[in-house]
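Residue numbering begins at 1 within each chain, and the chains themselves are lettered A, B, C and D in the order written.
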Amino acid sequence: MTYQEMIEKEAKLPLGERMDFVAIVTPNHMHFPPAKMALENGFHVLSDKPATFDLKEAKALEKLVKKTRLLYGLTHNYTGYPLVKQARDMVAGGKLGKIRKVVVEYPQGWLATHLEASGQKQADWRTDPKRSGAAGSIGDIGTHAENLAEYISGLEIKELAADITTFVKGRKLDDDGNVLLRFKGGAKGLLHCSQISVGEENNINIRVYGELGGIEWHQNEPNTMLVKWLEEPMQVYRTANGYLGSNAAAATRTPPAHPEGYLEAFANIYVNFANHIRAKLERRKLAKSDPALDYPKIKDAVRGMAFIEAVVKSSKNNARWTKLAK
Amino acid sequence: MTYQEMIEKEAKLPLGERMDFVAIVTPNHMHFPPAKMALENGFHVLSDKPATFDLKEAKALEKLVKKTRLLYGLTHNYTGYPLVKQARDMVAGGKLGKIRKVVVEYPQGWLATHLEASGQKQADWRTDPKRSGAAGSIGDIGTHAENLAEYISGLEIKELAADITTFVKGRKLDDDGNVLLRFKGGAKGLLHCSQISVGEENNINIRVYGELGGIEWHQNEPNTMLVKWLEEPMQVYRTANGYLGSNAAAATRTPPAHPEGYLEAFANIYVNFANHIRAKLERRKLAKSDPALDYPKIKDAVRGMAFIEAVVKSSKNNARWTKLAK
Amino acid sequence: MTYQEMIEKEAKLPLGERMDFVAIVTPNHMHFPPAKMALENGFHVLSDKPATFDLKEAKALEKLVKKTRLLYGLTHNYTGYPLVKQARDMVAGGKLGKIRKVVVEYPQGWLATHLEASGQKQADWRTDPKRSGAAGSIGDIGTHAENLAEYISGLEIKELAADITTFVKGRKLDDDGNVLLRFKGGAKGLLHCSQISVGEENNINIRVYGELGGIEWHQNEPNTMLVKWLEEPMQVYRTANGYLGSNAAAATRTPPAHPEGYLEAFANIYVNFANHIRAKLERRKLAKSDPALDYPKIKDAVRGMAFIEAVVKSSKNNARWTKLAK
Amino acid sequence: MTYQEMIEKEAKLPLGERMDFVAIVTPNHMHFPPAKMALENGFHVLSDKPATFDLKEAKALEKLVKKTRLLYGLTHNYTGYPLVKQARDMVAGGKLGKIRKVVVEYPQGWLATHLEASGQKQADWRTDPKRSGAAGSIGDIGTHAENLAEYISGLEIKELAADITTFVKGRKLDDDGNVLLRFKGGAKGLLHCSQISVGEENNINIRVYGELGGIEWHQNEPNTMLVKWLEEPMQVYRTANGYLGSNAAAATRTPPAHPEGYLEAFANIYVNFANHIRAKLERRKLAKSDPALDYPKIKDAVRGMAFIEAVVKSSKNNARWTKLAK
């Protein structure tokens, strides 16, 4: 059954019997068409990132979401980790003071060789501009880094200067990117991502420094977060402890040091999205702080595509400062 | 509905409609009665540890399991981690040489104060000899350590010398235990567990040293295992990489550095147990190396209770060497 | 020149020209004779550990030190690390509350093979009962662990139950030891040391838990100490920061994160000992809290030998509880 | 006594009685004048970094060193660590394959507040353009990062794009810098340094990735280096083990896991420089691989100043790519 057939068939079912939302987990070029059709037929959408093939599609999607007033979620799953939520809340609560610097990285090594030549499925489409879009590593993992930085810091990237590279001969898209960041309000930063950093796993990580404190989090040990202070010893926050805030607690299933992982973080995006749908079905109004509203939305989708476009453009212009399109 | 009613009701249903197995997750004194009734009514059983209230019950259970030829599983969930399976396979494959020393620890801090006085539910029954059994920390977490040590090393504890303590005034059971171990075949070891080690989470961990190499694993970072060699640099094994063996791979759901946690480890016990049941239903004979057979069984259940009994007895005799009952 | 000739020659020189003290860095059986002769000729002594060949010699040495009123220091160098001093001060200041549990380890792997058969100099004398004494690993590294535990906890080991082993065929002394500890005042503990733990470097480490908090320190990363609390996040203390106490500060030479190591720790013992000598020469009275008094002394020397004797005796008696001789 | 008086006085002494070299440890603006006078009077020079106040002085110094044929050393002390030498040797030996990416960082937090306003001596001159030069953090710590990257990778930075910032109000020089790097031969990189990264100590660190492998080293744990491979588990190299090469061994004083630190690394620069002087005095010709030649020299001095100049210029031009002057 094609997605078209599925959507048509479901759309004919009465409310209560038909599906609640469409989850899109296809390669990038196949994100927008099913999202569009789902929305047009009255279904909420939860989509893989990056949201669309290019920025133009993302803006069309945004219009459609606004018009249909349906829910749209984007699985930037790393924001589902309890300690990432804790970091965001600490920044928002002013615990670190005014933010000055953000360093965000997403190093991988799995494309250090010409893996796509072997026909490996994941490598095949991710390095193919027809299915992946204008960027390789920047679209696949750089957007996760961009989203994580904005989620935790609460700041918007204003402009960037990017130097992206294709290291592996024969590859059609970038497999490494180094980016200088300037945030609105004066904070500075660096973002780098790589698929040729031999020996690195999916180790997305971030450091945020404010006037009063700093935080550091790494996905390869996601239940630990370092919290740094001006004059006091560094603290080690661990998932599921009583000293964490309510959002971290709400995103946690197990007692302290019963490590939670990637699947639970991913599930947290789904849970919140599902709870939001449920509230809509039950016509309940959610408080602004309700965890059900805590998942990446169409705004993040557009920003991700604007980020990709800006990086590619900046890099083509020899790392000239480039603003993210609105 | 009581468990009795449930079992009676289900037993009346025809095969294919009735439940496949009973999962027991009650306090210790309520492990044996439902297990017994389930087995007597033809149901497989998957039970929390320790298996029973005392060794006598465990032996009765063992007889019943043998007689009914039904499946019995015990959720020593830490053996569900991929790298724990890798460790076991490396020892079994002779990679570390003959095993000489095992150090296994399970430190916690959550009972450092008289928490049960507050009526906290978990603290309440776990410190109550009527519901928990003859031991506190030794039964609750020491048995996990005992099981992990035997699982990875492939060795049986022959005898032990134990010094257990109740540090918190008013508590009725031990909240700390230090145990010297002697394994069959000559290996030596230490086991210690604690509920009063302030600041420690559920950090069960183990080190095993053989003539050629050693391994080290900690639950608070379960996707990492250190592997140590005589003359070569230490290696860091990480979940989900291609260099791991087939059992570790079979127990893994996600790509490298997408951390898996406690829930997945726990689920691995359930998965294997369920696959064993399925094989029985389909009258398929499983190879000895089939992952479906890799879960703690009635033998582990009896050993756990023999361990508790030996520790309590040894400690009463001022840490006299005490053999584990057969 | 022999040590006898040196001491005789120096003793004839006038004060101010002759040496200030004798440093003894020979194998164990050659600790007492030069120490004795030096003291009898009016020289202070700074000696390697263990202090003597056996407890009897240690007691004779103690008498001599008391009689001559000369200074005697013992290079338990691990107590020279700034964070070890910080740990001791935090315990003494009541920050951790009443101490309940001490876990101290000294694992090494360098004698996992029959290295002494190759004539390697260090292995040769350390495994030779005629030069090393009644114990191998227990004397060489177990005494460091014993000293570190008493230094930081401020508690005396009352009795112990030991199980020591010689794993390598042909070796004459123990190369591994597991020991249960009972401290005066009710604290419990474990001490284990090993020379056959493949892949372990000189990683002496300690954990101390009180009613309110705990500390953890490892020599392989000596500028970091973990501090654990009942309800608050774990803290990471680092050498040379302003939040440390005066004794840690006095033992530090460089700014934060300019790591200090083994040589500086060792030097700290020498510095304090030298400052004590200087005060004596200048007839200055030192306050009890003066860092110049902070080095292991004859009392530690006797305790170390009593520890060795008790471990060997306990192990011969199948780990029977054995008191440390006074 | 002024340095002028000292040099004049020493210059009058006969060879063998006069000093062998001058060590310069003053603020930056006072590096060149004494270096110049020392060289002109026949003395070798070992100087703090950055070598001079500006690039012009560095080039004058270079001429003088060439003309006098005297030795000039620069204390980029981090290159004195054994594992840094091991990393350089592994890269030079082709173990990592062709280098693709270098990430080098030097984060500090000690100037997160307006410390110089308090008159603190170190903060005072380091933030003063008259004594520190054209750059703050870039000159003080960025040059260390630049030197470490070139030392280990064996590659020269060709051009850079820099965005430097003064975050603390009232400060006269940059306290943070983010820099994109392009190396000769096609490798890419990032360098960032900061004095406002709250809670960071002197944690200079580097990651280098080649086609076959990668290395990672952090000064806050300098005796550990991670070595990463395409298909094999990550390895942990530790100072003083037998598997390390001869240069790492020559720079080590103690057995494995007797941690060495900053002072020993610093001393290694002095030792090599002193051995080079000795060889000259003894008219011995040194092999190209002799450790005595392994210390930063006038070429590094000029590159450091060219780096500072390029960063400041690039940043003034809004991060325009800027070549390092020859």
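Just so we're on the same page, a contact is a pair of C-beta atoms (placed from the backbone, for glycine too) under 8 Å apart; a residue touches a chain by one contact, two chains touch by 3 or more.
Being a predicted model, the structure only gives us computed values, none of them experimental.
Peer 1: Pick the pair with more C-beta contacts: B-D or A-D?
Peer 2: So, comparing the two chain pairs, more contacts are at A-D.
Peer 1: Going by more than half of the contact pairs matching by residue number, which of A-D, A-B or A-C reproduces the interface of B-C?
Peer 2: A-D
Peer 1: Taking each chain's centre as its mean C-alpha position, how far apart are chain B and chain D in Å?
Peer 2: Roughly 53 Å, centre to centre.
Peer 1: Could you state the distance in Å from the CA-based centre of chain C to that of chain D?
Peer 2: Their C-alpha centroids are separated by 38 Å.
Peer 1: Rounded to the nearest whole Å, what is the centre-to-centre distance of chain A and chain D, using the mean of the C-alpha atoms as each centre?
Peer 2: Roughly 38 Å, centre to centre.
Peer 1: Tell me, which residues of chain C touch at least two other chains?
Peer 2: As it turns out, chain C has residues touching two or more other chains at 200, 234, 238, 241.
Peer 1: If you look only at chain A, which of its residues touch chain C in the complex?
Peer 2: 226-227, 231-238, 241-243
Peer 1: State the interface residues of chain D toward chain C in the complex, per the touch definition above.
Peer 2: For chain D paired with chain C, touching residues are 110, 200-203, 219-223, 238, 241, 253-264.
Peer 1: Along chain C, where are the residues that touch chain B in the complex?
Peer 2: Result: residues 96, 100-101, 103, 109, 112-113, 161, 163, 165, 167, 176, 178, 180, 182, 188-190, 192, 194, 196-200, 207, 209-214, 228-230, 234, 318-319, 321 of chain C touch chain B.
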